[in-house]
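Note that chain A is present in both complexes that follow, paired respectively with chain B and with chain C.
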Partner chain A sequence: MPAEVIAQYAMNGAMLGMMYALVAVGFTLFFGVLDVIQFSHGDVVAAGAFAGLAAWTLLTSAGVTSPGLLLLAVIGSAALVTAALGALVARFIVLPVKSAPQLNVLLVTLMGGTVLRECIRLFYPGGSQPKLFPALLPATGWSFGTFLLRFDNVILLVSGALLIAATHLLITRTRLGLAIRAVAQDEETARTMGIDFRKVVLVTFALGSVLAAFAGVMDGLYYNEVFFGMGLLLGVIGFAAAVLGGLGNLYGAIVGGFLFAALQTIGAVALPFASAYKDVFAFGVVIILMAIRPTGLIGERASERV
Partner chain B sequence: MRSRAAAVLLAALATAFAWLLLRAESQGAIAALIALAVLAGFALLRTRLLDAFTRAALRDERLAQWLAFAAVAVLALLLPEDDFSLLLLTRVLIVIVACLGLNVQLGYAGVVNFAGASFFGVGGYTAAVLSRATGLPHLLLLLAGGVTAALAGTVLLLPILRTRGHYAALITIAFALLFRTFLEVNDSLGGPQGLKLPELRIGPIRFNDPVAAGPLEGSFYLKYVVLALLVLAFFFAVVQRLERSWIGLALDAVRIDETAAATFGLDIARWKIAAFVIGNFVIGVAGALSAFMIGFIAPNNYSFAESLILVSILLLGGVGNPWGLSLAAAIVILLPEKLQIIQEYRFLMFASMVVLILLFRPAGLVPRPMRRLPGTPR
Partner chain C sequence: MRRAAAALIATLSFSAAAKDTVRIAFVGPLTGGNSAIGLGGRNSSDLAVRLRNADAKAKYQYELVVLDDECKPDAGVQMATKAGSDRGIVGGVTHYCSVVAMATVDTYHRFGLPAIVWGAVLPDITYAHDFKEIHRVNGTMINQNETNAVFINQHGFTKVAVIHDTTDYGKGHNKYFTRFFQQGGGQIVATFGVTADQQDFTAELTQIKAQNPQAIYFGGLTPIGVRIRAQMDKLGFKAQFDGTSGIVNDDFIKALGPLAEGTLAFREGAPAEKLPGGKQFLADYDKQGYSNPPEAYGPFAYAAAVLLMDAIEKVGPDRKKIIAELANVKDRDSIVGKITFDDHGQNTVPAITKYVVQDGKWLTWEESEYASGKRKLTNVR
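Let's look at the complex of A and B:
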């Protein structure tokens, strides 16, 4: 196989991996503070993409043409909407059922996500059809032989990496991050130390959802299309990535995201039979990996408390 | 005596209501009927009458079972010509069977299964492939559907036994997505277009001919109602006896506290395997029956969303309670089909309904009653 083709596949895989990692970091943050799976996360991603699209539609119809301004507006509105959605989901869906069985939390958020998805489909103008997402980044690039390293892909990758790095710094270096880590470790103790538990939870959910917004916009810019159902698969893959890495572990989420993208890419390229089986292959490997390492590759450190 | 009267009254009211709902043609009438039911249900919930009433009605469970059986039969006989209503009725019965299987897994042993529709599909595809390729008697194919579904589930046994909670949930979710994609890209199983099935025949009975037995004439769906009702009655009895037996006791112990169950000498892995395999068998039989009734199967019918609907029926009705899930299955299947106005909004409404139930009545509409051991006072 020529090097250009390999480079092309590697680039595609890296883009997918960055999106999955961004979604997976959200899952792992939520699991960290509350020990719950917030399954509507995928649909929050879709809502972010659609909020960005709405901002673009409004501004262009108002006569704004500067791509920089438009991009800023798209990302800004996506981040605002998802932050609000994340906090709302935490406040009204997750916190009330915090102490219910795990399965109930998973289901209530899953169904909450369905509500969100259906709202996009029914109430966004033309939302039941795939919508064209504007190309706001330069489509040119450096060419190496037949392989074109596109600027927009590089920009998306770098900014995604910077965002994850910023999240990491926020969690490890700031007061807020300290509070988040304290709540993640032990809710009761954190409360007695004067940490406002509810506020920390809401802020964490908003933070994770903003990452999701970026993943949604990135998805839109990469495929030039958004779809009301895009969140379902993205959510499941993000969840799979987070679990594969080990829930509650930031590095695990990143590793899991890129690993899943690698599996999909390998499945599409290297399988002797049709590339249509790439998802079958990827999910099959996830099942096998889970059988080998039941708590993810970088396992949860908690021991059994009886 | 009063409990018997309550049971008879409840059955008669439910039958009459179902009949009115199935017969109603105009959207206004249907909306009024549903609004009436919602109001009545809400009032009963608020006044805690629902719990008291169902408890009284279920005190003599054998009577309740016969009444339910009779109610479905009467309902079918009242609508002998109405194809669509009979089709809906059969679908409800089949979905109840599938949910009974899920109930053994999730309700009793606490094994999560988000791939219910996939095992339903395994049953359906088995029936389709075998009936096209071989001349095996169709009754045997229903069983074969269950056996294949149980076998397909064994692939997941090892990962499910080794994982817990969210991790186990992920495995079944991954399987559901994998299965759907597999069906779509696999050409020998018909790809996205799916497969057609031949007419169901059991002995001399051809299921696609209209019924003409003496004075009784009617739609061929009457036969399917009878068959589905028999299958349901069988599995309902089996699942209830399973719950009452020491097997059910062991499964409950495994669900509630694995560590405690293990200290009392229960083999956790064995009981989880048993529940998972039995549940998938029941789901597979239901899937095969459904495939024969519709006469056509396609990957779209076995998506992750359908699996979610099965799990939601369980939660809506009350996990672990066969009566509750029967009620929930009827609501979930009939409501969107009858009320066309909400057809477009059905997923939205339905999802909101489950969210509200989980937030405000997590035990479901008809919570599972406390187990009564022999010798304890009523």
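Let's look at the complex of A and C:
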């Protein structure tokens, strides 16, 4: 296989991996701080993409043409809407059932996700069909033989990495991060130390959801197409990636995301059977890895949670 | 005696009420998600019956018995049984949905009821058996893919990669396109079966790009068709995009924007106004004041009803004789073009329309600037 083809595969895989990692980091944040699995997270991704698309539609119909301005508006609107959604999910769906069995949280968030998904389908104009997402980044790139290294892909990858790094810094270097880590370690003690538990939870959910918004916008910019059900598989894969890496561990989520993308790419190109089986292959390998390392590749003990 | 006969003939020809009434069935989806097409088909068959009844030369008075198959196999079999067991019904214009048409084939055979399918496209409906009762006026996905493969070959595309979804629909498209394309001397460089809800195709497309085909044939429906076309662009992969009837709709163009330009697709049937008798059909249809349009397959339902009534006029209201008569249909003029049934009752000269996207619209190939040479398809040599 020529080098440029391998480079193209690596780039495709990296783009997928970054999207998965962004979603997985959200799952891991929620689990870290509250020990819950927020299964509507995938649909928050879709909501983010559609919020961005709505901002673009409104501004272009108002006559705005500058791609930079439009991009800012798309990201801003996606981030705002998902931050609000994340906080709302935490406040009205997760917190009320927090002391109930884990299964209940899983169920209510799963159902909340379905409601969100159906709302997009029913209430977004033409929401049941795939929608065109605008290309707001430069479409040119460097050509190396058959390998096309596109500027927009590079920009998306770099900004995704920066966003995850910023999240990491926020959690390890700021007072807010300290509060999040305190709540994650011991809720009761954190409360007695004067930390506003509810506020920390809401902020964490908003934060994780903003990462999801970026994944959604990235998905839209990368594929130039969004549709109401896009979050379904992204959510499952993001969750699998988070568990694979070690739920509650930021690095684990990143490793899991990229590993899953690599598995999918291998499943599609390197295996003798039809590429329709690539998800079967990827999830199959995840099952085997989970059997070998039940606590994830980077286990909880190896590093501090969140 | 002769005078009596003359009197009888005179009475018959002057009084329509004296004609015998013959009943024929229409079966299609009148409720549910496909009801728009079903109602269009019913109205079109009804139009054929009304026009025939208004014709003084017709030997019989016709009555259309309308039955709803709901696009569900079980409901379809019930309706087929109802029509088949009613000896007063001598023939049927039957089914739009392939699954229903497939499920009812045995029923029509058992009751010996001549049936003319007006919309379903699965090849097996006519080809999986030797039942003389079953006919079809519209084309199958075989015809569509033959036209497609011949077209692609003729335009100098010799190396083509195939992506199809792994449902029976997508697999069928792949099977027939590949067969006809290879018969024409073309080379399939890669074939990928993908799931119908897949999001990312960059891995498949990268592999295909390395093979450097001139065109990609896509057998599937709009959502993944849109993704594949968009992601080809992302990889800087320039190849002609060649689709099937599954992508001929406005949503495909809306979701792709300018990228849809130059996309090819092929579909059974033609827009009604472009059919041989289409203008007259639409004018007659309008006069009746139906509340729904005829839709894409209305003209076929009309043609099927006309064909059935022609046979009855010739041999009388007898199921066996009608079946024998329908076997003779050859080069028969109809509003959907000439109709010839092969030994499986399949119309072998169905109208397949070639479509190409030009400036955000699906145009027939013949009226496009691509045909006139003003614009060029991708990779045409």
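The rule we apply is simple: the second predicted complex is superposed on the first by the 300 of 306 C-alpha atoms of A that agree within 3 Å, B and C clash if a C-alpha of one lies under 4 Å from a C-alpha of the other, contacts with A are read in each partner's own complex, and residues count from 1 in each chain.
Operating definition for what follows: a contact is a pair of C-beta atoms (placed from the backbone, for glycine too) under 8 Å apart; a residue touches a chain by one contact, two chains touch by 3 or more.
Every value quoted in this text rests on a predicted model; they were computed, and no experiment measured them.
In the superposition on chain A, A:L70 makes contact with neither chain B nor chain C. In the superposed model, A:A21 makes contact with neither chain B nor chain C.
Using the contact criterion defined above for the overlaid structures, shared-chain residue A:R150 touches chain C, although it does not reach chain B.
By the touch criterion defined above, A:A276 lies against chain B and chain C together after alignment on the C-alpha atoms of chain A. Look at A:A79: by the touch rule set out above, it reaches neither chain B nor chain C. Shared-chain residue A:C119: touches chain B; no touch with chain C. When the two structures are aligned on the shared chain, A:A268 is found in touch with chain C, with no touch to chain B. After overlaying the two complexes on the shared chain, residue contacts for A:A100 are found with chain B alone; chain C is out of touch. Residues 233, 274, 276, 279 of chain A contact both chain B in one complex and chain C in the other.
The part of chain B that touches chain A in the complex is made up of residues 106, 112, 156, 158-159, 162-167, 169-171, 173-175, 177-178, 181-182, 184-185, 259, 304, 308, 311-312, 315, 344-345, 347-348, 351-352, 354-355, 358-359, 362. Chain A contributes residues 1-2, 5, 8-9, 12-13, 15-16, 126, 129-132, 141, 143, 146, 148, 150, 153, 222-225, 227, 229-230, 233, 264-265, 268-269, 274-276, 278-279 to its touches with chain C in the complex.
The part of chain A that touches chain B in the complex is made up of residues 31, 37, 93, 96-97, 100, 102-104, 106-108, 110-112, 114-115, 118-119, 122, 232-233, 236, 239-240, 243, 247, 274, 276-277, 279-280, 283-284, 286-288, 290-291, 294-296, 304, 306. The part of chain C that touches chain A in the complex is made up of residues 166, 192-195, 197-200, 202-204, 206-207, 209-210, 222-223, 226-227, 230-231, 233-236, 251, 254-257, 259.
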